[in-house]
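Here the chain labels run A, B, C, D, E and F in written order, and each chain numbers its own residues starting at 1.
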Amino acid sequence: MSRIDGRTAEELRPVTIERGWSKHAEGSVLISFGDTRVLCTASLTEGVPRWRKGSGEGWVTAEYAMLPRSTNTRGDRESVRGKIGGRTHEISRLIGRSLRAVVDFKALGENTIVLDCDVLQADGGTRTAAITGAYVALADAVAWAQECKLIKPKAQPLTGSVAAVSVGIVDGAPVLDLRYEEDVRAETDMNVVCTGDGRFVEVQGTAEGVPFARQELEGLLDLAVAGCAQLDGAQRTALGR
Amino acid sequence: MSRIDGRTAEELRPVTIERGWSKHAEGSVLISFGDTRVLCTASLTEGVPRWRKGSGEGWVTAEYAMLPRSTNTRGDRESVRGKIGGRTHEISRLIGRSLRAVVDFKALGENTIVLDCDVLQADGGTRTAAITGAYVALADAVAWAQECKLIKPKAQPLTGSVAAVSVGIVDGAPVLDLRYEEDVRAETDMNVVCTGDGRFVEVQGTAEGVPFARQELEGLLDLAVAGCAQLDGAQRTALGR
Amino acid sequence: MSRIDGRTAEELRPVTIERGWSKHAEGSVLISFGDTRVLCTASLTEGVPRWRKGSGEGWVTAEYAMLPRSTNTRGDRESVRGKIGGRTHEISRLIGRSLRAVVDFKALGENTIVLDCDVLQADGGTRTAAITGAYVALADAVAWAQECKLIKPKAQPLTGSVAAVSVGIVDGAPVLDLRYEEDVRAETDMNVVCTGDGRFVEVQGTAEGVPFARQELEGLLDLAVAGCAQLDGAQRTALGR
Amino acid sequence: MSRIDGRTAEELRPVTIERGWSKHAEGSVLISFGDTRVLCTASLTEGVPRWRKGSGEGWVTAEYAMLPRSTNTRGDRESVRGKIGGRTHEISRLIGRSLRAVVDFKALGENTIVLDCDVLQADGGTRTAAITGAYVALADAVAWAQECKLIKPKAQPLTGSVAAVSVGIVDGAPVLDLRYEEDVRAETDMNVVCTGDGRFVEVQGTAEGVPFARQELEGLLDLAVAGCAQLDGAQRTALGR
Amino acid sequence: MSRIDGRTAEELRPVTIERGWSKHAEGSVLISFGDTRVLCTASLTEGVPRWRKGSGEGWVTAEYAMLPRSTNTRGDRESVRGKIGGRTHEISRLIGRSLRAVVDFKALGENTIVLDCDVLQADGGTRTAAITGAYVALADAVAWAQECKLIKPKAQPLTGSVAAVSVGIVDGAPVLDLRYEEDVRAETDMNVVCTGDGRFVEVQGTAEGVPFARQELEGLLDLAVAGCAQLDGAQRTALGR
Amino acid sequence: MSRIDGRTAEELRPVTIERGWSKHAEGSVLISFGDTRVLCTASLTEGVPRWRKGSGEGWVTAEYAMLPRSTNTRGDRESVRGKIGGRTHEISRLIGRSLRAVVDFKALGENTIVLDCDVLQADGGTRTAAITGAYVALADAVAWAQECKLIKPKAQPLTGSVAAVSVGIVDGAPVLDLRYEEDVRAETDMNVVCTGDGRFVEVQGTAEGVPFARQELEGLLDLAVAGCAQLDGAQRTALGR
């Protein structure tokens, strides 16, 4: 079964991670998964939301959005419509949860990091690219804070790393890292977020049309774990580790 | 490891499904999973949204909401705040997707069914109760439409059934159908939607704090599949099948 | 002149008041006036809105809403539309004013009680059922607060009771407690809120089409006062007084 | 019992009705009840809202608003807050209902008249001044439409006239047409809308603090009916009848 | 080239400035430029917005709005639409900036003045009439504050005066103070805000269709400066200087 | 007087115009004025807004927005706040007007082009960079439409070109193309939009603090015209003319 771009089932699209893209943000990354391009910035400010004040613990949250013409046909701006759609909400929440899974809030201290993931061009996998890029931006923001002494020198606010990838069943076969055309045709669509040591942070599988069997689920998980391991490598390379 | 209400790890809370709760709706169910009570109504109208007109296919969608004092402390009404929160959006979308997985839109014809799932009392598992109850309301609405000849007599708009349950790792052990107190303490939280024949429609697992290993995931899936099978039985009993 | 359900002009529909419907709320009542069913919860919290702080006085307010399929045809959710309609606003304000008429805010102390009145099924008279039920929920919340010592033991935050009923001129004749079909046909529609000792808290009469004469108004007021007295009895019975 | 401005209990404030205030509107009136000044415009357009198309009947609706500094302390603009408050909604609906009570929609034909009542300066009784002034603007718009042949020459779209006045119990005594200072101190507050022939269109009485007895209600109605009759005279004079 | 109302190219419409129009506001003016009528109120309150607290400096801001039927065809209320349009935002910001240009915030002390400019009738030039009238209302509010000792007796919060006028190229010729019919036909439209001593505060020129040459710009600026000088005279007269 | 980055008063920052940045949009440009980077996409769709249907004429409009961390401190997303701020509205309108000034709508036919200008990084002059880049994206979209035969082959929808630049008085001297630090310190700030043949489309000058004299205005206009001519050259180079 050959894929539209000639990849094998277990092959990622070319991944690039460009650090330091923004001169203002404490951490910033332009990540691409093939033609999908997401600008991830990490903004660190002292202080925490009201409900967390005095706890000694920090906070990490995320906001995801798509530029109106990041897609094939232009979408309305959510700011113009005056409300955020369900999909945007859902992905913002997913990114925030995924990153919080590797943060030690005590070590972060009462600082807040907001991860903005803005999709400049979309071709499938925007949420997984966003998580993978946001982790690198987060790491840079934490390193910056340590240099500035906003975080104690020996504190380790990051307890691990996270990366994410999509998998799906297309034309009956499980494939890794779906492009938009594949995503549209997928019978089952799954997004998996893994830590660098191969454990799961999020597993979200959805039958698009045909319910899927346990065995298919297992095959998708195998692909996803291997894909995340490759992305973990790309993150390490980008961070010079 | 005993649970707060004395249940075993693989035991559901008492489930009740009361059909025909509303005199207006084409299908209506008051479902309870223990103290969680959700009123599910199915409203069938002729016609479909603009983007589907002329396709000959129907549409099914869902809206989930919580009454302000369905929870332990009162929450603001989303209508008063003027916008719907991310969690509400996410669950409404989940319910809609789950039910659409067992609908044959051609057989439904150009009719729209809206499933309203309003949580009257919450004690964990509101989304899984909502899906499980909404299926029964949907089945009743479809039966009503067949009696009224809105749907062709031999059409089979429902290709199967769906039920949903939560599972999680609490104090290191996997348990089924979490109450609120368990949900708060869970290290991993998973919602699983299955068809009546045991395949998956949705699998959503989230690490709350500690990432989870493949083996833990497998254990949770086992519990969930067994739980959904029991719920399938409760649905059949309620529907008199 | 016989009514659609065989009642006499001065007869209420069957009234049921089920206390303690919710396990979370400080007071809760499921009230029915025939097929109209409203869930009324009273949520008591310490503290008052900003503009009342330091006054030593409490506050009571109300929010009314209809579930989307509580009516014969499904209505849009106000949370989805992003704004509250005029009718909802008007009824919420009416319920709040009606209950405040029998509250001694000094005796309540700096506590706030919010009455949520959610219409589960509508068949005319939802606002009057809401007021009548909310009073019982309020009484339960006040009793709860006295047990918890949130209110001083000898304080009497309730100076009386309130109940409400609709009256109208249908086919030229004044009738009590209109069902939806009667309400639609009524030439004049009036909602009356009375205290347990027979005085008026609110009188809202509206000509629907034909203006009404003083004598007709007097006839409607007579009916309403008698109806409220019966509802006062139902409230006392429910409260075990 | 003397009133703050020396009036007797049954005396209106000076009333002025200035027609033709706007060069654009089909009917326009600047009405004053003492220091309360409301600009009422009637905008007539051909056609009706979607739900009324093809009925052969017209529609009349109203919108009420206060300029931010029409009151003693500046209020936020509802356009800036992004939503309309409950009081505004309630009064807009009241004005619309009051005027529709004297309109024959068949005679109006498929035309829509919107009455905008903008309070330029407030000193109590803004809603009653708005109704009284809006009737005159409506009459002018109807006359204009007849001249333009938008309405059939012999059609009588107005079946009568309406005027409105406030009454209340202040310091234990019923008084007519309350100024703001009286309104604030009133134990009972009532707004009454009457037709020119002395029948009721709306009766809205509210206990502010102390519930009121039947006899008090009767006294207030007597005052209101007499006050509306005087306003009817002022409307006739303004219209040159 | 004669103008529709017979004015010469460099002639203003009749200007009237009526001070003290509102009994509540600290400063209030009803200004007319021909048939354009704008009610300008200045509301002074002690204190400043949060971001300015403790600075010892005051703040001046403005809000502009049009009544729905101030124009030839009725426009929707922005409060009903739930958002403020771009034009309204733009003009509100322009008025605020224009007046702040002549305010010494240190001398004003920590007081806030809000200028509400509500267009009662529109016939072109509403923003320039608003600025010109708002200055007079501002001057009155400052004088009131000095009388009340809210501002130090020798403080001079106003460092100058401002007035504004529109100019444009109509049928190839530059003209002053455009009426609505001229504005619609103008090839170039410019609004100019000048201080009483003839310097510029704002210059906003827009080509409507045909770009304009430097020489045309110079001609428009000449007209505008002369027009503002006349308006400055009208302001002085109104203020009795 | 030397500038912070060593430029002379009449010198632009380095300008880069990268065409074809997006694979989806009909025209797309990443433009930079020094550190200011704006992504401009032109989306062409057949058809026009309702109010223009059947006119045979097209439409061009623009939307401007800043990514939350395009600035030095993170700003709230307008989609999350639920409304668009006045500045965003104002700039979107300015961009739309500027481009419409060089469009022949008859030649465009009933097609709509939306220009999205999203600021990826801000350092002063975002609106002028947006206009300058949007023109190139617009030219590419028009060329694309001609290739696709959506526009008649000999039609010339663009009657000229536009570019924009900021000028201001900093430390008493007029300078071209202000960076953020200069913009903040400027006494007068002006944005000028010129056509390729040196005429004006928009002139917007604002005194920030000190009103400016006619002579200063002239000096600023001279600088701006020269700056726009240079930008016109950069546009031509980018377009390969």
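As a working rule, a contact is a pair of C-beta atoms (placed from the backbone, for glycine too) under 8 Å apart; a residue touches a chain by one contact, two chains touch by 3 or more.
Bear in mind the structure is a predicted one, so any value in this text is a computation, not a measurement.
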Minimum number of chain-to-chain contact steps, chain A to chain E: 2
Each chain counted as touching chain D and chain F at once: E
Centroid comparison with chain D (C-alpha atoms), farthest chain: A
For chain C paired with chain D, centre-to-centre distance based on mean C-alpha positions, whole Å: 28
Intercentroid distance (Cα basis), chain C paired with chain B, Å: 33
Separation of mean Cα positions, chain E and chain B [Å, integer]: 59
Overlap residues in chain D, where contacts from two or more other chains coincide: 82-84
Residues on chain F engaged by chain A in the complex (per definition of touch): 22-25, 28, 35, 39, 41, 43, 45, 63, 65, 67-74, 77-84, 88, 114, 116, 118, 120-123
Complex interface listing, chain E residues touching chain F: 83-87, 89-90, 92-93, 97, 101, 160, 190, 194-195, 197, 199-207, 209, 211-214, 217, 221, 225
